[in-house]
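Note that the chains are named A, B, C and D in the order they appear, and that numbering of residues resets to 1 at the start of each chain.
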Amino acid sequence: MTFDILIVLMFLGAVTAYLVSKADLKAGAYATVLFSLGALVLLLLGRGEIGSEFTILFMGFEVTTIGWYFSGVMVLVYAMTAFFNSYWMDKMIYPGSYNFLYLFSLGGTVGLFFAKDLITLFIFWEIVVWSSTFIVPMGKSRRAAVVYYTISTIGSMATLYGIMLLHRISGTLDIQGAFAPLKNDPVLATVIFFIFIMAGLTKIGIFPFHIWLPLAHGSAPHTFSPVLSGGLVKMGAFIAYMSVGILPAYEAFKGSLTVMGIPIQIYALMILGAVSIVLGTLMAIKQDDAKKLIAYSSVANGGYILIGILLMDQLAFAGSMMHLFNHAIASAAAFLAIAVVAHRTGTTKISELGGMIHRMPLTYLTYLIAIISLAGIPPMGGFVSKWLIIQGLADQGLMFMALAAFFGSIGSFLYVFRPLAAVFLGQLAPRHEELASAPLLMKIPMTILMVLILFFGVLPGWILGIIGQIQVAAGIEPVMMSGNSILAVNGVLNTLNVFMVFGFGFLIALVIFMLMQKSRRVGLMDTYTSAEFIYTPELYHYGSAFYAPFERLYARHPSVEDFLMALAYKGHEAGLMVNALFFSHKPGVTVFWITVIVAVVTLGGVGL
Amino acid sequence: MKKALAMLLLVLVGTLLFMGIYAMEGFRPYGEVDLAQRVSQAYIDKDVTGENPEVVYGISKDLETGSANLVTSIIVNYRSFDTLGEVTVLFLSALGVSILFGSFKGRLRSRYQPNFILRTGSKVVFPLILIMGVYIFIHGHLSPGGGFPGGSMIASAILLMYLADEAFRIRIEGFKMTEGIAGSLYVLLGLVGLTLAGYFLSNFLNTGTVGALFSAGIIPVVYVLVGLKVGSELTGIITDFLKGEVE
Amino acid sequence: MIQYAGILLILIGIYGLLTETNLIKIIVSLNVFELGLNVFIISVGFVREGVAPILTSVNNHSGLVFVDPLPQALVLTAIVIGLGTTALGLAFARRIYMKHGTLNIEEIGGGIND
Amino acid sequence: MINPVLLIAIPLLLAFVSILYKGYRNNLLVFGALVNAGLVLTLGKGEYLIGGFKPPFGINLVLDDYAFLGLLVINGLFLLITLMSLDKIGENATVLLVALAGLNGLLLTGDLFNLFVFLEITAITAYILSASSRQYQHSFNYLVLGTLGSGLYLFGLILLYAVFGSLNMADLSLKMATADTSQLVIPSLLIFIGLGVEVKILPFNGWVRGVYGNSDSLVGPLFSAVYAGAMLLVFGRIFAQVIPLGAYLKTLLLLLGALTLIAGELAALSKTRIREILLYSSIGQSGLIVTLFLSGLVFPAVMQLFNNILSKAVLFTVAGQMADTTGTDDAEALQGAFARHKLAGVAFTIAGLSLIGMPLFYGFVSKINLLFGVFSLDNYWLPGVILLGTVIEGTYLIRLLVKLWMPGEEGLVSHESHATKAPLEIQRARVMGIVVLSAVLLVGGLMPGMIQNNLSESGRLLDETTPVYLFDLKGGQ
């Protein structure tokens, strides 16, 4: 009972929030908080009902552990971000519609994970796509929304083709039954595997479909970027899970060529995942816009998640599932922190900021913890999950993947440090002297997320327990825990010990910091010159061209974005050609084509 | 160049069409058609049920259609609905022309003055053409012709007057009135048939003896209406075309 | 043979539509096309040795060989419809001439707003 | 049992009467449209004879489920569009009455030559209506192509008559079913081209750009919804139910339909003027529907057709209104236009999303249905083409919607102050009309079961993939 109420409630809530917004904008924003928190509560209450089935209208639903887990992640991100909504009401062009679409897309995501049949899955998938498509352009870019929509829809249409093909083959749309005939037909399974997973790849932002992430995440309204990056991207992981877990890919590809023991079909996608990790990391390092930077880091993290899911094993899969959660809350927290900065200063450009720690320490702390987790540095949650993924990769002997994963981890130090140093540390610009700290309502979700990141980094047991159930349901060996230790083939990770060590190190550092002489604050404009007046002090901001020497190494890289844009331009030209060839105000043109068609058809027809 | 290309293309299409059409096995060579294979035999026998004996001119009575002119029987009885559509097409094009030129005033002036013979002769011929036109549509069920040729003749008489007299103007309202009333009556006639016989446009009057003037049921009635309507519509088109360019 | 002439006229009409740029000539081409079509339709109904499908005191019974009356009826309809479209086409041509001062279709703008 | 001939006779009678009482033209038009819409609901299915002669000899009207559905939607839309745009009618009230009669005749008639007559009636009303934009060269172009097209149709028809000796659709379809399809190639092709001009199949549709691109808020929805709907239904009648296509011709025509779909969508992608975008989208949709009909998927095709025309009625009404009141319909010049016209914007958005086939709207139901249909034929390239078309269509429609809703320069937060200053007005009647239409699309999407059940009777009939429709050749007299 809980879950059908949950889904219906979200759609009703969307309408309610819209109506309330008509009366009072702030109240409408608070309604989104109430409803999304309500969803979180209902989800937690309904954990006992896993396995139940229900129907709404013509759509069938089934509550599974993995569905429950995914929707938990999603609702958490939505609920935390919802606290921010009320501060943007006066900045949005359509605040009421924003509230409506916010809850509407939430309802869509929740329904998606509980779908029992493929059509229901697709319906909710598309609901999320179009409702989020209309939120994105309320931010800074209209083009971003179109790119986002186009890439998403390329994926979802491919998946729809796969769904229809599955129905044709198996005669059913039921998720469990539809994939059943593929087990014994590797060719068909290969086709379906690649077509069906497309929606997942586009949504996660796997190379070459990653171009929408920086555009959409970077320019969406500040309150929606956390949801896009933390939440919606994870829908793709669900599709990826279905393609390997439910298909089941490993069983179907038993006879096919293998690379390092992995069927070549799956390995090919893993390579894409690895490319995404490298590419996302390198691009993130280059970014001057804090939001774009986190967006590219989402590309890299999407690569980790995809590789882990594709591996379908004891460790990497568990790591991937956990990383999904860790990345969701960490990237949401990071985006929220940036949103606070943007709320107070009105910009997200790294080179225009600096010294925010002096004005908003809690925000700084949130950002610090989130970004440490994103980079996979202990003792945060991100470390545990990345450790598990790398363990899994090493266990399978997948050297290239492991290499990419290590590269991503090291590269992430670089991109993590850039906004940290340039936005929060360093000198405060004079115009930011009077900034206030984050408002109370913003502090609540940031604190919660911060605690969660830290908590699950130290005590990942609860989450790994759920993941173990998911693994059992998917028919693979569950991840093993012993006390606070995670047992892997190549070693044991005791997260509590790690925390102790880091905590001890932190304490020592704190003591040193306290005892040593304080540094002197230097104003941003106190720049040395040879008695010359400086007209462009911002160029001397150390946040500008932060990694210039490093970036120069790959400045002239080939870009898939250029290729896709060229493709789009070719489409445009083809359209113009159609227009010029066939459409004229002169009847002769059309008469000519009629004659040609008659000639062509009769030419073949007379002989037949 | 363009013309040569067009010529080449059409020679190709023409050859292919010729070959294609005459290769169709059911397409009989010119003149070697068997009407029994077509629906037309029933029209000649004036009997779609295939029961009645041979039709004889001046003797056979009360057939399903009483028109001696077989084409007329098709136009006004068997395929009367087409004719209603046809009338509508003409109505529409007259309407379209009057919408396009409706706001124009005055009359176009010809570059030449009508000569004496035309001016005098037209006055003599005008009533004759009118009478001929009326004759043709009244006898449409007996002899070649019918409402459309008859109506065109009436319109040609008016055109003659336009040509003969620079100052000639007709009152278009009267013609519009005729057009509207004749059209409405045609539809109403169909509706009467629907009420009386159960079929729209059915021939509910006595069809009489084949060959008699007062025979063929509603055919003469319809043809009179069509004749008047076509006459007034074509007149309307002529009048609208001759309107001047001053808005 | 008259049937071939019909098809030939159809082709000539299409040739005119392809090559002519004068609005009036385009309408004339259209009429040639329709004329050819009508000739073809009539020819389809021709029966060798057949008489005109009208019962008269001479051809006085239905047992005689008549030509097919149906194509003739169809042609009448087609002619009237052709007349209607021709009238409307000429009216358009006159309006175009009044607006653009030319009957040459090449000289009339083809853009959507001109 | 109401005889469906009244659907033709009443508007025709009113048209003839309306030139006698010029002052009451609009009242007569509204009355006629209302009476027709009401009559449709009381019709009894069956076959009705004209003049009382049994079918192969006389003309008959066929009111099966297919025709009934068509009549229902076409008459309903006609009434709604007329009421929405009464102020735009001007001198055209009589023309519209005749058009109503002609459209109903198209859907009802069971005779190929009678169909030609109604085709001409409808086409001529379209020529006259298209001239209301005062861009006569486009109307002229349309007239020449339309006349040539119906001439070719007549050519094909007469070849069929010469071979099979009949003009009745049912009779012909029986005779053709057993005939050698190779001798049907030329007549079928000529009929296909003839109808192709009207249903906008590439490359026979050169007139569409000029005519649709200059349409106002009356003519636009009327052409794109009512005329296009009726013509496509006629196409479906002929090519899915009467003429059996041989494998050779079918393949070529299917390719032409698929080409129309992709080329239309691509051309729409390259355009920035709203009416141009929509007209190319109409061409693309026509290609899709034609493809479905040619594949024998009558029911999915009809569903997609309804989705297309209901959506296009809304979209073209708004686009025409934009062009009428602001003098431009360039999306760039009209950015943020919906900020001040939210209700119209919501209706426009619903119609757009339904056209793309987004869930919750009727378009989704029809898209899923047609995909099921195409896959059931074991055809695997066509759904790929259709889905590619959907991607392109979605891209430009979303781009348009975003442009019209969210004004603002790239890099700046969307704000109402960037919205167009153009004096856009949307009359209340039009807003109400498009809201009703979009509500239909929404209800159809939320409760597909309801519509499915209502249509199930027709579904049974239409779902059969046999390309022949049969009914008894009942005797008359």
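Definition applied: a residue touches a chain if its C-beta (ideal position, glycine included) is under 8 Å from a C-beta of that chain, and two chains touch if they have at least 3 such contacts.
These figures come from a predicted structure and were not determined experimentally.
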| item | value |
| --- | --- |
| Central chain (by mean CA position) | D |
| Relative to chain A, chain with the most remote C-alpha centre | B |
| Centroid distance [mean C-alpha coordinates] between chain C and chain B, Å | 15 |
| Computed distance of Cα centres, chain D from chain B, in Å | 32 |
| Distance from the mean Cα position of chain B to that of chain A, given in whole angstrom | 74 |
| Length of the line joining the C-alpha centres of chain C and chain D, rounded to whole Å | 28 |
| Per-residue multi-chain contacts in chain C, two or more chains | 14, 17-19, 26, 44, 70, 77, 81, 84-85, 88, 92, 95, 105, 108-110 |
| Multi-partner residues of chain D (at least 2 other chains) | 113, 117, 120, 124, 127-128, 131, 137, 140, 144, 148, 161-162, 167, 185-186, 209-210 |
| Where chain B touches two or more other chains, by residue | 6, 9-10, 13, 17, 20-21, 23, 33, 38-40, 43, 79, 82, 85-86, 89, 92-93, 96, 100 |
| Topology of the chain contact graph, where touching chains are joined (line, ring, star, complete, other) | complete |
| Partner chain B, residues of chain C touching it in the complex | 1-4, 7-8, 11, 14-15, 18-19, 43-48, 52-57, 59-63, 66, 68-70, 72-73, 76-77, 80-81, 83-85, 87-88, 90-92, 94-95, 98 |
| Complex contact set, residues of chain B against chain A | 6, 9-10, 12-13, 16-17, 19-20, 23 |
| Interface residues, chain C side, partner chain D - complex | 10, 14, 17, 23, 26-27, 30, 33-34, 37, 40-41, 44, 70-71, 74, 77-78, 81-82, 84-85, 88-89, 92-93, 95-96, 99-100, 105, 108-110, 112-113 |
| Complex contact set, residues of chain B against chain D | 17, 20-21, 23-28, 33, 37-40, 42-43, 48-49, 64, 77-82, 84-86, 88-89, 91-93, 95-96, 99-100, 102, 176-177, 179-181, 183-184, 186-188, 190-191, 193-194, 197-203 |
| Chain C partner contacts - residues on chain B that touch it in the complex | 2-3, 6-7, 9-10, 13-14, 17-18, 21, 30-33, 35, 38-40, 43-46, 54-58, 68-71, 73-75, 79, 82-83, 85-86, 89-90, 92-94, 96-97, 100-101, 142-144, 148, 210-211, 237, 240-241, 245 |
